[in-house]
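One chain, subunit A, appears in both complexes that follow, with subunit B as partner in the first and subunit C in the second.
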Partner chain A sequence: MISLQLILLIIFGLVAIWFGWRVFMTSSMVRSALSLLASMVAIGILFLVMEAEFLGVLQIMMMGTEMSIMAIFMMMYMMDPGGLGQMDMYHQKNISIAAGVIVTVLIVGAALTTDWGTIATQFPGPHEQNRLLGMEILKRSMMIFETAGVTILTGMIASIAVALSIKNSVEK
Partner chain B sequence: MELLITALIIAAVLFGIGLYGALSQTNLVMIMMGIELMLGAAMINLVAFWRFLHPDAFSLQMFVLVAMTVMALEGAVGFAIATQRFRTSGTVEMEESAELKG
Partner chain C sequence: MTPFLTVFIITLLFLSGVYVAAVMERWSVTGTVNWAGPMRSFLLLFAQEEIKTRKHDKVFFETAPVLFIGVILLTISILPFGRDSVIIDLGTGALFINAALVYIMVSLLMVGWAVNGVYAMVGGWRALAQLIAYSMPVVMALTATVMRAESMFLTDIVESQQGLWNILYQPVGFILFYISTLAITFLPPFNLPVAKGELAGGVWADLTGARKLLFRLGRLTLVFTISAAVVVLYLGGWMGPWLPDFAWTFLKTLLVAASFFAICRFMPRIRHDHLLEYNWKYGVPLALYNIFQVGVVLLL
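Let's look at the complex of A and B:
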């Protein structure tokens, strides 16, 4: 019997795949960034369909901001937001297609042939999930979470250092 | 079982598209978009494994948070490199970036 969850999983999965494909099929930078935003939002909805509410909402919020920034950067770098220039931005196209298809087939093959054991039917509700994730973060995975925080700080400093004008830094 | 397999197939196709994009594009920001798609696919797998195999193991959800951190950092550092590249050579086309070639 086909459940509602399976139908929603297929629908939003196809939406994520379609927009993921559109990212590389349009000559407009803004359309690429917005397609990626749509694909990431569809992935967030997939999380909601799989009843990981917190992660789903977090994914949609994070990707909404990240892809908007990406669209602005794309316009700044390319100066062709409407895609009127018909730019050719591809190289080694056949090898790339072959690599993508082979990897997809291999992963699908692995997914279909693996014995996944029993499927869980009981799982915590949204409220309990948030509580248990909080306990996980503050207990067993605390060091990983702290490391992620320090890594973000390091990334921020590194990004600013890299993006600074070379001319100014030499003068100082 | 079909729910888990469907989620894994969706993730596999997204990963394949992301890999194609990362390998075929010459623009740095487009390469980053391919990497983001691959990370998104990995996150779908993690959530599917949590939901359908180990709903009591919250380290899997924790792993998704780490993947999101990696995504944000990849974006930040990637844009910083792109900005510097644009300043020095006026383009973010990676075909023209061969200064470090041995």
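Let's look at the complex of A and C:
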């Protein structure tokens, strides 16, 4: 059955793919970062269409901040003044095309062969969803989330430490 | 009230509120109250020639002003003006406020970068640094109000303040939210992205006509929306004796907006590095302390 929900799902899915494609088809880091943001927002809208309100709003909120931070960090590391420089958004073209094709085939294969079970017709309201999600994060999945959080924090500190030009004290 | 009447009243109150905010903004710059001033500026910008800079990025240049005002309008639609006067009562309302504020930063960055001018570009990156920094205390202060209400519905957050308003229950959170939202509206002590004095107008330096109008109008609407958010989260929302509920929200919102502009008038602009330093070194730890304090009080 084709419902409005399904049509929106297809449209925003295609929008997400289109902007994902645009990320690599531009020669500017700002355009690339904001295309990725648009792609992520489209995924957030997919969550909203599937009535996972919290996940949708969270995705849209987090990606706005994350992609902006990513843009500024990309520019700082690449010494690109103000993001006005031109550079290719891909390298090793043949290998990356091959990797892209293989991963796409694997993902589509996994999506088609997985038994997704019956489609849920009954689901809790947004308030109950928030509560259940909180319970999930603080009980069963706590270890995973904490590990991910600490890993990201370590990554951030390490990348800043690597980028700092600290004068070596041995040098006299 | 019927939904139509609700929308109508909210719209009317909002428009008048934004106009008063425009008068106050003018006062914060010139020190004189001029009731016709905003209308004159409006007509001027409306009729002004639209100058486009050379080699601007068309997509960003056209999208950014619409995105700016669009996210603010989305925020208005979820704020409760009375017990039943809310356009969309969202199950994740508190989070949604912050989600919308993030896109103000994105639109400022987009337009600053798109016009292909040096002042605008510097302004855009400044806006990014400033708004990323100050959205952290905002979301943490929001978390503490959600903890007390045990719900992200904004109506529930107002109901949770029945006995004691959040301004007294979590004063640290209120102060952080108040200052950080002032930074997010980039009003004078924090107006580094659009500072006339030191950056020749920053992000808005090269904008004229309708685009500038959208940004100016958007910022005023933003100030009023943020003030309404402060009222809903910390000042008991629609609660108050005698008057109808939406009147209380409106009056409190005007008062908060007036306090914002009073700060604008009497505070000097903060240096950019100090601005970021204060937030990351003191604002964020204080916000974490606020969550801890509210958590302890809730468990006692």
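Here is the rule we go by: the second predicted complex is superposed on the first by the 121 of 172 C-alpha atoms of A that agree within 3 Å, B and C clash if a C-alpha of one lies under 4 Å from a C-alpha of the other, contacts with A are read in each partner's own complex, and residues count from 1 in each chain.
Note that a residue touches a chain if its C-beta (ideal position, glycine included) is under 8 Å from a C-beta of that chain, and two chains touch if they have at least 3 such contacts.
None of the values given here were measured: they were computed from a predicted structure.
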Contacts of A:V162 with subunit B and subunit C, given as first, second, both or neither: first
Contacts of A:M40 with subunit B and subunit C, given as first, second, both or neither: first
Touching partner for A:S96 - first (subunit B), second (subunit C), both, neither: first
Partner chain in contact with A:L58 - subunit B first, subunit C second, else both or neither: both
Subunit B versus subunit C as contact partner of A:M143, first or second or both or neither: neither
Touching partner for A:S68 - first (subunit B), second (subunit C), both, neither: second
Superposition-derived comparison: subunit B or subunit C, residues of subunit A touched: B
Residues of subunit A at both interfaces, subunit B in one complex, subunit C in the other: 54, 58, 69, 129
Parts of subunit A lying in touch with subunit B, wherever the complex brings them together: 3, 5-6, 9-10, 13-14, 16-17, 20-21, 23-24, 29, 32-33, 36, 39-40, 43, 46-47, 50-52, 54-55, 58-59, 62, 66, 69-70, 73-74, 76-78, 89-93, 95-97, 99-101, 103-104, 107-108, 111-112, 116-117, 119-120, 122-124, 129, 132-133, 135-137, 140-141, 144-145, 148, 151-152, 155-156, 158-163, 165-166
Of all residues in subunit A, those that touch subunit C in their complex: 30-31, 34, 37, 53-54, 57-58, 60-61, 64-65, 68-69, 71-72, 82-84, 125-127, 129-130
Touching residues (chain side subunit C, partner subunit A) in the complex: 57, 60, 90-92, 95-96, 98-99, 102-103, 105-106, 109-110, 113, 116, 118, 121-122, 125, 128-129, 132, 135, 151-153
Residues of subunit B defined as touching subunit A within the complex: 1-21, 23-27, 29-30, 32-34, 36-37, 40, 43-44, 47-48, 50-56, 58-59, 61-62, 64-66, 68-69, 71-73, 75-77, 79-84, 86-88, 91-93, 95
